[in-house]
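In what follows, subunit A forms one complex with subunit B and a second complex with subunit C.
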Partner chain A sequence: MKYLKLLLIIAFTLVLLFAASDLPYRGNPDNQMNQEVSMTGTEVPGNYYIQEAYNDAHTPNIVTVILGDYRSIDTLGEQIVIFTAGLICFLLLRKRGEGDDE
Partner chain B sequence: MLDFFLGHYAYWFTIILLAIGLYGMLLKKNLVKKTIGLSIFQAGVILFFVSVAMKDGATVPVKADGLPVSEVANYMNALPHTLMLTAIVVGVATLGVAFALLINIYNRYGTLNEEELLDKIQ
Partner chain C sequence: MTNKEQSPIILLGSRFLSPYIMVFGFYVIFHGHYSPGGGFQGGTLLAASLLLIRIASGTEIASLQFKDYLATPYAALGVLIYFGTGLTAIFTGGYFLDYEQLPIPGLEAADLRYWGILIVELGIGLTVMTVLVLIYDNMVKGEDYA
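On to the complex of A and B.
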């Protein structure tokens, strides 16, 4: 069983290495994600965010503009996740009362 | 060949990180160590996305004087950074839930070893 797991890890690494050999060179400005239009003809948001973030929100930090303005609903959902996690931690770790013996 | 190495070595390091995380999750018996492996795996994925966002000759995505935003090559792609910020926060929250569960398991069964735990549950 242990050797099966080790074999699984080695196979996983080899598959990832094989897949990574087809990835574009890191840092190349001509990469697909830095283009205006993707291969299928739809617009890629990366350049738009860089060019228009300051004009749209007047905040110098582009990451903040994307997180708080363009994707604010996404951030709200993320905060629901954090709230749920905090609630679960509270329910798991609270001291039990005298009445219920657990 | 050197170009291929310089363009890909960051991917190889993240793959090593993923393999270490998977090793921790599969082969370690202690549940805390399994959780640490999960965290390492997650860090590998996050590092992969952030390293992909890099652009040669570009600076961090904060508007600076003297670097016009109209020139896209001046700034890195900000979208992977934002998404990984979200992923880091959610990862920390789920890690907190995992550790709370582990504390409850330890309080009830007195051990965090997977095999002893399976024996005691049955």
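On to the complex of A and C.
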């Protein structure tokens, strides 16, 4: 059983190495993520974000503009996740009165 | 909490340190447009300054600083600030969370987006701070219930 686990780990490592050998080199300007158009010929949004973030919001920090303006519904979802976690902790851990038994 | 006697050194040290952590939390929220930071990080720092007093001094002194029953309404208020900003943009004729349509007079579209992001970050910071305090308070309460 122990050797089977070891064999599985080695096999999985080989699969991951084989997959990683096909990744593009980091920083290569010919990579797909550094191109201005996607594979289907449309303009990628990241290009627009980098070029227009300061003009749209007068904010030097691009990350803030992306999180707060372009992807603001995503941030709203994150906030609601945190709020829900707090409410669940409140409902599970709150101090109950002497009379209630659940 | 459990021990009856408070150590004055720990209480004094945490009272000395807590306002500076709180100021740094506000700095992280309000300076998020220029440096790394924002509502989540700043809210966590604000919660750290409140929790420091809570851990060092116990619930009686800590309730002078922030009442524990206020945590849930403030967390809901933070979500409502964010959601209300989006709804205000709808009512004034834009899309959801379109900060250009916020009814603040005398600002251009780009400056409206700047202030809209700041309002939203304030809501996030309020929610994160109060939720962390709420989780701590309820865990302490659950401990002496059991």
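Note that in this section the second predicted complex is superposed on the first by the 80 of 102 C-alpha atoms of A that agree within 3 Å, B and C clash if a C-alpha of one lies under 4 Å from a C-alpha of the other, contacts with A are read in each partner's own complex, and residues count from 1 in each chain.
Just so we're on the same page, contacts are C-beta pairs under 8 Å (C-beta built on N, C-alpha and C of every residue); 3 or more make two chains touch, one makes a residue touch a chain.
Since we're looking at a predicted model, the values are computed, not measured.
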Put the two structures on top of each other at subunit A: do subunit B and subunit C fit, or clash? fit
Just subunit B (first), just subunit C (second), both, or neither: which does A:Leu76 touch? second
What's your read, subunit B or subunit C touching more residues of subunit A? B
Should A:Asn47 be classified as contacting the first partner (subunit B), the second (subunit C), both, or neither? first
Touching A:Ala57 in the superposition: subunit B (first), subunit C (second), both, neither? second
When the two structures are overlaid on chain A, which partner does A:Ala85 contact: first (subunit B), second (subunit C), both, or neither? both
Let me test your reading of the model: by the given contact rule, A:Leu67 touches which partner, first (subunit B), second (subunit C), both or neither? both
Would you check which partner chain A:Arg94 touches, where first means subunit B only, second means subunit C only, and both and neither mean what they say? second
Least CA distance subunit B-subunit C after superposition, rounded to whole Å? 8
Once the two structures are superposed, pull the subunit A residues common to the subunit B and subunit C interfaces. 60-61, 63, 67, 75, 78, 82, 85-86, 89, 93
Which residues of subunit C touch subunit A once you look at their complex with the stated criterion? 32-36, 38-40, 71-72, 75-76, 78-79, 82-83, 86, 96-97, 99, 110-111, 113-114, 116-117, 120-121, 123-124, 127-128, 130-132, 134-135, 138-139, 141-142, 145
Touching subunit B in the complex, subunit A uses residues 2, 5-6, 8-9, 12-13, 16-17, 20-21, 23-29, 31, 33-34, 45-47, 49-51, 53-54, 60-63, 66-67, 71, 74-75, 78, 81-82, 85-86, 88-89, 92-93
Subunit A residues touching subunit C in their complex are 55-61, 63-65, 67-69, 72-73, 75-76, 78-80, 82-83, 85-87, 89-90, 93-96
As the complex stands, subunit B meets subunit A at residues 3-4, 6-8, 10-12, 15-16, 18-19, 22-23, 26-27, 51-52, 54-58, 61-64, 69-70, 72-73, 75, 77-79, 81-82, 85-86, 89-90, 93-94, 96-97, 100-101, 103-104
